Structures are given as C-alpha cells and as structure tokens.
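Shared between the two complexes below is chain A, which pairs with chain B and chain C, respectively.
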Partner chain A sequence: MSLADGLFRPGDSPLHRLRPQVKITALLAFTCAVAATPREAVWAFGVYALLLAGLFALARVPASWVLTRSLVESPFLVLALAFPFMVEGPEVSLGFLTASTTGLWAGWNLLVKATLGVWAALLLSATTPVAGVLAGLSRLRCPEILLQITAFAIRYAHLTVAEVTQMRLARLARCDDPRFLWQAGALARGLGVVFIRSFERGERVWQSMAARGYTGRLPLEVGPAAASARQWTAALSVPLLVAAIAAYTAVIA
Partner chain B sequence: MSDLALHIPTDVVNGPVSLAFALLAAVLVGVCVVAARRHLDDRLVPLAGLATAFVFAAQMLNFPVAAGVSGHLLGGALAAALLGPWLGALCVTVVVVIQALLFADGAVTALGLNVFNMALVSTFVGYGVLVIALKVLPRTRWGLGAAAFAAAVVSVVAASAGFVLQFWLGGEAVGQSFGAMAAAILGTHVLIGVGEGVITAGAVTAVALARPDLVHALRGTPLARPAALKETA
Partner chain C sequence: MSALEIEGLRHVYPDGHRALDGVDLHVREGERVAVLGPNGAGKTTLMLHFAGLLTATEGTVRVGGLPVEKKTLAEIRRRVGIVFQSPDDQLFMPTVADDVGFGPANLGLRGAELAARVAAALADVGLADLAERPPHHLSVGQQRRAALAGVLAMRPDIVVCDEPSANLDPASRRDLARILHATAPTLMLVTHDLPYALQLCERAVILDAGRVAADGPTAEILADAPLLERHRLELPFGFSLETALAAMRD
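Here is the complex of A and B:
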C-alpha cells in the first residue's frame, strides 16, 4: 500500500464503475441511517452487515482485508468494553462480574455502529481511486481550494514520507541505535529538516507554476463527469433500504 | 496509537451534536482559508499542499513507546508553530479528511467532531500557548524549545478535552462515572502529550536554528545567540 493510492484495490466490479460522487453520497446516507437505528433492533444490524458483506463480495474485496483494516477503530472498542461497568442501571451478573444492562446496550451500540461505519467507509476507499474521490467531492460542491490543497498533499506525501524513511536508514547505516526515548532527539531534528525541505519544495513548485502562468486557480476545463439517474438509483438502493429498516425499527420501538 | 484514539467512529456522539460541530468546523475552516489566503495569496495551494504532505510524513513516523505500543505525532502544535494557526489548522484539517475518506479512519458522520478536536482546537490552543510562552520565556533555543513543548502538551490535552466535551453533550449518559472516564482520557493524553512535546520541541528548535524565517511563531526574528564569540583571524 502506498500513501498516494490510499486503500484503493484496482478492479472492474459494478462498484468500481459507479461514479464517486454517487458512492460518497451513499456512504453518508448509509452511515446516518445506521446511526439512527435503535440499538435494541439487533436483527437490523445483522441485515446491514449482510448487505455490506454482499457488496464486498460484489466488489471482490476479501474478508481478511476488511478485518485487518477494521482494526483502526480498536481504541474505541476499549470504551465499548468499559461502558457496561460505567453506565448506571439495572445490574446483571456475568460470572464474576456485574454489569449494568443499560451499559451493555451502550457498549453493543458503539461496537456495532462503529464497525458498520468503518466497513462502509472501507467499501468506498477500496473501490474508488484517490483522484476519483477528489472528483466526486468536487461534483458535490466541496470548495475547490480545499480539494486542490488535498490533491497537492496526496501527490507529495509519498515523497516526504520517503524522505523521512531515507533519513532513518541513513541514521541506522551510521550505527545509530534508536531506542525508546533516546531516539527522540534525532527523530525531531530529522523532522525539522524534512519541514525545511518540504517548504522549500513548495516554494519551488509555486515558482514553476507561476512561470507557467498560474494565477491562483488551476486551468482545468474538464469537470468530472456527471452520474446517470440509473447510477444514482443503483447506489442509493442499499442506503434507502437501510433507512427504511431504520425507520421501521424506530417506529416499532 | 495515540491519534487513532481520537478519530471518533459512528454514533459515539449523537446526531444533533455531530451536526452542530460539523457546521461550526465548516465555518472555522472557511475562516482559516480566507485568513491563510490573505497571507499567502496564490502561493496558498502549493505551500499548503506541501505543508500538509509534511504533516502526513510527521504522522507516519511511528516510534515505539513501550512493548507493542507505538505512538505517532498528532502534529497540531507542530503545524501551528511552523505555519501559524490559520495555515496550520487548514493542513491538519486536510489530513483528518483524507484519513476519513481514503483510509476509513473516523466516521464520515463524525468528521465535524474530528476536525474540530484535532485540527482546530489543537492548533489554535497550541498556538495560543506558544505565543504566551514566548512572551515570558527568553528567546533562546531552550526558551523556544520549552515553549513548543508546553504548547504541544496543552494542545493534545485540549484536543482530548474537546472529545470529552462532545461526549458530555451528546454521548451515552454514563452518570457518575463520567468524571472517572474524563480523568482517564485526559490523563492518558497528558502522557501522549509529553511524547508529542519532546518531538515538537526538537523539530521546532531544529528549524529555528537553520531557517528562523520559517518558524511562524518567531515572526521573522532569529533566536538570540549566546554572546557572540569574538572572531579571531
């Protein structure tokens, strides 16, 4: 995985072919619908997980990849595990521990919604190239200036990261033995040097852009392509289904 | 993994509070764009882009803290010290958004919360502490280092306090345990902040010694040198 590619997995599935703006909207709608589902509707979350699993299969993303990537949320799982013992409410006994039922529901709520949120976001990042995400955001009227900064950042990030790695290697090659706190000084000085280099590179890039007639906006005539009504319906069918289930369970409860 | 702990996932904080913070964050980021553009004009895009790439590199740098646990920089105070509050906040915002959309780190619905804590609160609080500390401390490399250290510690704790506030407003009602939870979160982040502070102080002084004009917090004045050595030919 390189930084410039994000988590993108090249492929040619129906999900890869969907326009990015459609997928971003679908992700947002899906996450909101999941968040709005009452925690007691356990079966609904099962249905959501099955829907996502189906989509992952359609996009040919292996389950092991999804599970490894899901670890990003692990610190919050600690909070989910702590809820049963922190929240006050009627208590139940679990072997040698006593936990409150309200807290158990709260922990479950956090666990399941965070996991579904991460999976949905992984589906987007696995099937959409970085440039596609930016184009989609631009179609969704995200301010151009932020998108341009982002594009530059992604374009040069792998370079700065490589610079940091290179400096570390150079240090190791000169018999530096970085350990725990003793590495902090060298690390920090290296970071300072990388900053100076990045800033100077930024100025050089700007100068060459100015020499080519740059006046503060990129001369892009070609806007990202619009999505057809069929694409919108296809992509929003799953979030709509989820929203319908969320509404149904909320009314029943 | 210090920074992951702050990327809030789905529905830890409820909808209305998330929405309110998203609006607040959007307005503040807008202000940052306007202010940064005033200073940099048409240089904004390439310079901010490269500075963001630098924040990325700084965050990529993992260092082992203890067995099996590795931490990495949040970079709010570092960005504020080197780039100033407006451009710094803008760069960290872009990093947080990229992590949410391209690396599935932090929920899309919690983007406003995450940007508010990690980009806006940490950068602005860090910059504030730095400016005040630089007024009090001598403008030497140790004075600057101490100021950057303090700024980084306070900025990390302030970012986690931002989460505690959001959780208090729109999280689970944990009743009396809230105090204990808040203390645990803030306490952990004091430790994380110390690590962050050491690196930030080292990096900022390294830049200040080589290119003092690039440290925004110094406002173009170089550090006071220890009494200049007489040059003997």
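Here is the complex of A and C:
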C-alpha cells in the first residue's frame, strides 16, 4: 500500500463493482441531503449512520478501519467540542460546567454532519481505486485541468515521499543524529534539494510527454465505460432515501 | 533511404555550455546504431534533438526526409519514439494501459482502435497481464518494458533508447534486448554499456565533447582499445570480445 493507492481496499463486493461516476454522484447527493436535514431531527441521523454501516458491511470494510481513518476530522471535532462554551445563549449546567444550548446544537450539527460526510467519502475511497475516481470525475465532465493537476500530484507526491525517505536513510547512514532541533538544518537543506530535483523532474516529465505528442490536452477519455440504468438506480437509492427523510424532517419541523 | 540525417548540429545551453559542437550523422532505414560516449559527452542532448525537444543553435535534423521544425513536430514525434532513461519520468498515467495509450491518443486514436494498439504494444513487450496495474507497482525491468510499449504503440519509424540497460538485472537485460531486436524498426541506442551495444547494434558512433569521434562497425570499434581509452570508454572487467562475437555467430 502506497500513497498513490489512496485508501482503496481491493475486493469484489457489489459496491466495488459499481462504476465510479455513479458512486461519486451518490456521495455528492448523500452529503447534500445530510447537510439539508434539520439538526433537531436526531433520529434521522441515526438512520443515516445505520444505512452507511450497512453499506460498509456490504463492502466488507471493518469498523476499526473506518474509525481510525475518521481521525482526519479531529480538527472539526475540537471545534465542535468548543462551540458549547464559546457561543452565547441560554445556558444549561453539565455537572461542574455550564454550556449554552445554542452552542450545544451547533456543535452537534457540525459533529454529526462532518462525521457522516467523512464516512461516506471513506466508503467511496475504500471501494474505488484512485485511478477510478479520476476516470469517474472525467466521465462527469469535471474540468480537465483540475484532473490533470490531481493526477500528477498523486503520481509524483508518491515519488517525492520516496525520495525524502531515501535521503533520510542516507543521512542516517552517515551518522546523522536525528533529534528534533539537530535534524532541522539537514532536513531543511534536504527539502530544498528535493524541491530543485522535483522542478528538474517536471522538465523531464514534460519532455517525455512532448516526445509522445503531448500538446497540452491529456487524452483522459481513457475512462470507465458508461453505467447501466440498473447501476444508477442501485447507487442512487440510498441518497434518495436520505433525501426523502431530510424532506420529511424539514416539513414536520 | 535515410531514416535520420543530422548535419552540422550545434547546441549551446543558456549557461554557455556547448553540448553539441557540429555533429554529422546519417542513419539508414533498418539500421541499428549505438551512440557511445562517456558521461557528459552530449549523448542525451543529441537524443532530444531527434524529436525536436530542443531547438538547435545551428544545423539541421531530418527524420525520414522531413526536417525538424515547429510545424512538423507532431509528425516528427510520431516517427521518433524515445524511451527515456528513468521510467519514473515517462510513466505518469494511473495504469500501465492508460500510459501506453497516451501517445496513440495524442495521435487522435480513440475507442476500439486505441484499445487494439495498446493491447498489441503490451503483448509485444510481454506485459499484457499487467495492463491494469499502476506503473509504480512494477519492477524496474517491467517499467522499462512498459515505457517501450508506450513508444511502440505509436508505431514509430525510429526507436531511441537512452541507457536502456541501466539498473536492470541480467535477466531483465536479456529480455529487453530480445524485445528490442524483435520490435524496433530502426534502433538508436544511447549508452555507455559497450557489451549491450555489441549485442544489439551492428554500427557504433562515439560521441565525445559534442562531436562524432568515431563511426564504424561495433565489433571493430570495440576492438580498438586505444580509441576507447582516448574517449574514456572501456569494456567491463573480464569481458572477452572474441568470446562474445563467437557466441553471437552461433
């Protein structure tokens, strides 16, 4: 597993078999529906979480994997925990602390919607290889320049990380003492070298692309095949259900 | 018919470094030519000129009679396929098949025709079963073959390889030699790996200090020890030219 593979977990579940463009659309629709659900409809968020849990089970993704990867949202989590103590409003007492009810609702709103969004994104990443996501986005007519930048960033970030690791090992092999402050100088110089090398590599990559007839347009239509109506129906059924619940909770609220 | 004609080619880099200092070279169709020379002799600069990737300070390059100019670049780059030294610089698409399809797609091929080209090129280099793998998961030998497939898929008239044997284990080296033998129409091998040049090319050119210093049958050039020494080239320790030539005759 390397950086360029992203979070993909190879498998052969019905979710793995869905075309990437279908899954990306479903993810977008799901996130919008979750965001549109009133925060007071606590039960609705429970239903959404259960739906996602079911899909994770279908894709054979273990809960521990989802929870560790969810740590990416911890900055939001800190903000959500801070809200009840920062926002003005009617106060309630929680043991020895007092928090504002407005802040509590705001924190809950952020926490639950961010978490569901991260889980849905993890579901896409776990069942779709990076190349598939890019191909799906191209199928959905995402601007080509963004796709090119993303594709190159993924491809060469991997090489740059490998290079930095190699340089670190080479420093260690020459008795570098990698303690924090002592390391900083060598690390900074190393990063400078990596920057120059990456710049020069950029030139070589361009040369080798130009040698194969590149004139500024990436022929990215080497993408996935069209998805069948059945695939679209299957993938969109979950976000449609979520949208229906969101609409219902909005009406009764 | 000439595959490649180079006349009075000079190249001066912006920092004033004179990399090529009047190169004349004619290569016939179907010829296999090794461009030998020590590090810094101008070999890679010369190779970049074959496909118009650098602009000549002076002199002309013609590929199959067509001069390398701004308006002929697309056709020139179809005719000349370059396999670069580092596969990491060349393989950049998410999967091997996408990468091999990059060149032909730039030529305007789409759909089934493109898929057929990619499949044929991958079959030629023996990588058909790795088509959907990301290139960085392959071994160096496989990466170099994938890079070659990306060039063969454009059906070039001349295949140019820059140090193709670098970092390869002996088996990968032999595989690549066999594939180059079978697939390259006209071959230019830029290298300082003399046994590899002998194995693949009947003609060799020594490039030193930006000029052609010698040009002749590879076996004769490699037998001229004083000539090799003058240009900082040497056969590997223990290598016997007689044994190698005898093995090639069998």
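By definition in this document, the second predicted complex is superposed on the first by the 244 of 253 C-alpha atoms of A that agree within 3 Å, B and C clash if a C-alpha of one lies under 4 Å from a C-alpha of the other, contacts with A are read in each partner's own complex, and residues count from 1 in each chain.
As a working rule, a residue touches a chain if its C-beta (ideal position, glycine included) is under 8 Å from a C-beta of that chain, and two chains touch if they have at least 3 such contacts.
Computed from a predicted structure; not experimentally measured.
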Residue contacts with chain A in the superposition, chain B compared against chain C: B
Partner chain in contact with A:Ala151 - chain B first, chain C second, else both or neither: both
Which of chain B and chain C A:Ala188 touches, first, second, both or neither: first
Touching partner for A:Ala244 - first (chain B), second (chain C), both, neither: neither
Touching partner for A:Ala57 - first (chain B), second (chain C), both, neither: neither
Which of chain B and chain C A:Val130 touches, first, second, both or neither: both
Partner chain in contact with A:Leu159 - chain B first, chain C second, else both or neither: both
Which superposed partner A:Arg212 touches (first chain B, second chain C, both, neither): second
First (chain B), second (chain C), both or neither touched by A:Arg201: both
Overlap of chain C and chain B interfaces on chain A (superposed complexes): 130, 151-152, 154-156, 159, 201, 205, 209-210, 214-215
Touching residues on chain A, where the partner in the complex is chain C: 2, 4-5, 129-131, 134-135, 151-152, 154-156, 158-159, 201, 204-205, 207-215, 219, 221-222
Residues of chain A that touch chain B when the two form their complex: 3, 6-7, 24, 27-28, 31-32, 34-36, 69, 72-76, 79, 82-83, 85-88, 106, 109-110, 113-114, 116-118, 121-122, 124-125, 130, 133, 137, 143, 145-146, 148-157, 159-161, 163-164, 180-181, 183-185, 187-189, 191-196, 198-199, 201-203, 205-206, 209-210, 214-216, 218
Chain C residues within the chain A interface of the complex: 48, 51, 53, 74, 77-78, 80-82, 84, 86, 88-90, 92-95, 97-98, 101-103, 105-107, 110, 114, 134, 136, 150-151, 154
Interfacial residue positions of chain B with respect to chain A in the complex: 1, 4-5, 7-12, 15, 29-30, 33, 37, 41-54, 56-58, 60-61, 63-65, 78, 82, 90-91, 93-95, 97-98, 100-105, 107-109, 172-177, 180-181, 195, 198-207, 210-211, 214
